[in-house]
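Think of it as A, B and C in the order they're written, each chain with its own count starting at 1.
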Amino acid sequence: MSALLAYAFRWSVVQESFGQLEHGLRITLELSLVALVLSLALGLIVALCRMAQFAPLRLAAYAYIQVFRAVSLYIYVLWVYFGIAGATGINLSPLTAGVIALTILNSAYMAEIYRSALGAVDRGQHEAATSLGFGRVRGFTTVVLPQAIRTAVPSLVNQFVDIVKDSSIVAIIGTMDLMGVTNQLVGFYRAPFELYTLVAFFYLTIVLVISALAAGLERHLQRHLR
Amino acid sequence: MSEQDSQAASNGRTTRGALIRTGGLALAGAAGAGALAGAAPAAGRRIAADSVLDRWTKTKKARLGVDLSFPPLQFIDPKTKKPSGYMVQITEMMMKDIGVKPEYVQTPFAQLFAGLAADKFDMVGIAATILPSRALQGWFAGVPVFYESNVVLVKKSSKAHRLSDLRTARFAVLQGSSQQASAPVIFPKAKFKAMATESDAATEVSVGRADAAIFSEFSAGSILGNNKNLRPLGGPALFVDANTYFMPEGDEKVWQWVTNWLRYQSTHQTMAGLWKKWVGPSTKKYHLNTSVVGTNGEAVPYQS
Amino acid sequence: MFAYAFDWSVVLEHRHAFLLGAWLDIWVTAISFLLACVLGMAVALLRVSGVRLFRWPAFAYVQLVRGVPLLVFLYWVYFGLAVVLGVAFTGVQAAIIALTLTGSAYTAEIFRAAIGGVDRGQAEAATALGFARRSTFRHVVFPQAIRIALPPLGNTFVGLLKGATLISVIGVADMVFVAQDINLTYFTPFEPFTAVGLILIVLVAIFSLVVTGAERFLRLP
């Protein structure tokens, strides 16, 4: 405790760092949003493959989900950024490598979320759509999918929160997102406690804002049910 | 509970790293680089087919790998939010001479060499110590950009006052740095822990996880200014390293050009003047030894 | 531009280092998981306690911890907190603290949902049968809640194991550190990172089998 009292907090560093952190915040949000949109799309494709009639497709999707849910983002980012580049010469910027890694890993989770949501839609709904003359595809896109997405929203939002938090890991290969900028600022000001506390609040704020927006979205989607 | 395990774990790591690196140093000294080529398989080594110099002048852009967490050599200026410092100024002067715009690829220091091997950028845009082990993986320019005089920092309350007091100490060093490579030769009985940034290594000492850390004099100045818990051990430099640009193996054209550009600047005292501007004030304040790059690239002690 | 010669011998030569590193990841995860369960259970009990004075701090704790990335916790504990408190946490200690904090936000929510998921009628029936409040919880609600909580707890363990692969950033020599070290020394990035990826996939697969077995064992006849 005596050390705590002896420590001279340098909160002026926080004020001086705001400008650079704002820039990092923009990168974090861009990285997370792009990864969200891409993994939503890829996840749906994987989920549909997982539920396909054709067995090899179903097995491939199963393996995809099991493998990518088991790998950690850090290892996967290192593999994509260094491993792939070293072995094939395909060269990605840290930001692109981050988007790819976040997208692929999260699409596996998204696929499982879609699958359970699609499974929860009453079979009768699809049959009703067919009897009303909707084709198979239109019946799916206009009747089944919207209902499934409504069920999936809370889980998808949780997944988005994970994407934002995990995007910090991409800084280890050199992106200048919130985490990367913070590490650089620590190198400049040498005030780790103040700066890591500050960046924790940045992430916390993003997550709370997402949660608040999601609560609003859920209310909006449920409005006709009341 | 985990004290011992972690200790053992970090020992295991540093021993491994140190073995490979010091082994490399010793071998290079004894048997020359040829013997080492077999010892260290350079599978990812990149050999240039076309010159990056041609690519630069054609596209007017150069991808340079940098770690900007080394004030006052290379860092982000909090006011302008742009890269700044001794190395940045020299690199931008050089690029301006061929009308090329540098594009900085930020990469943690330890990964700069693997990054060049993986073609993440055309050249390392900051200077790195000329180490025999690194020289197996790429080419260093023929003239140094600066000389790095290494000093030992300890906690203010430390009982150590000369190097011999630190024979069995726990050292924190920058991962992948020349300090990590060279210090185990000077302190064979010491323990070494590699940290990702210099700031982290300084924290290791100030919280007591390490007894001492080895820094270049330019970093020591900035660290001492921000961390009142530390003091320099004093005395002459522990060792002095030559630092320069690192580029793909086999690219003679860019190597010739960078080397000649540096030779020209060295005879014109450009590096010496800029070193006095960026590094001089802090070495003077903390009484640290330092050298500048003189004519034809030799080290000239600088009395601040 | 350059041809990559695959060289798996580097990985094989360092197989003991990889396995030792993997073992470190496993036991750091196991300790953190147990601590996160204890802490999470305490927070969950506060949240369902019905006392507003307890409920609010518990709610705030979960929100706060859930909003901060593990990586930030690792740096914050190891470099930040260490400087301020003057306590020289070892890397492993800092890793366990950070993983426990992160895990506790998840376990607290899991236990809360599980306790809430037990049919109210069960508790009422127990009370009617003369059980005291405390023994109703211990003998009736808790065993059923664990059964509900088991699958998500398994997911949390896997999440922490994946999180544990980050601890090399604070200098802990786990399997990823071994892979990084090999890459920095030999410039062979593909093989070591593939190796640690495969080790992790195998570990997760084994663990999933164990959890599935436990679920089957606990299932009511």
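Remarks
Here is the rule we go by: contacts are C-beta pairs under 8 Å (C-beta built on N, C-alpha and C of every residue); 3 or more make two chains touch, one makes a residue touch a chain.
For clarity, every value in this text was computed on a predicted model and none was experimentally measured.
Looking at B-C alongside A-B, one finds more C-beta pairs in contact between the chains of B-C. Using the mean of the Cα atoms as each chain's centre, the chain most removed from chain A is B. Chain A and chain C have Cα centroids separated by 19 Å. Computed centre separation for the pair chain A/chain B is 36 angstrom, with centres defined by C-alpha atoms. Shared interface positions of chain A, defined as residues touching 2 or more other chains, are 82, 85-86, 89, 172, 183, 186, 192.
For chain B, residues that reach two or more other chains under the stated contact definition are 43-44, 111, 114, 117-119, 203. Counting partner chains per residue, chain C shows two or more touched chains at residues 1-2, 4, 6, 79, 83, 86-87, 169, 180, 183, 187-189.
Across the interface of their complex, chain C is touched by residues 2-3, 5-7, 9-10, 12-13, 16-17, 20-21, 40-49, 110-111, 113-114, 117-119, 137, 175-176, 193-196, 200, 203, 206-209 of chain B. Contacts from chain B toward chain A in the complex involve residues 43-44, 68-71, 75-76, 78, 81, 105-108, 111, 114, 117-120, 197-199, 202-203, 222-223, 226-228.
Within the complex, the chain A residues that touch chain B are 8, 16-17, 19-20, 23, 82, 85-86, 89, 91, 93-94, 172-176, 180, 183-184, 186-192. Note for the complex: chain A touches chain C at residues 2-4, 6-7, 66-67, 69-76, 78-79, 82-89, 161, 165-166, 168-169, 171-172, 179, 183, 186, 192-197, 199-200, 203-208.
In the complex of the two chains, the chain C residues touching chain A come out as 1-2, 4, 6, 63-64, 66-73, 75-76, 79-81, 83-87, 158, 161-163, 165-166, 169, 176, 179-180, 183, 187-190, 193-194, 196-197, 200-201, 204-205.
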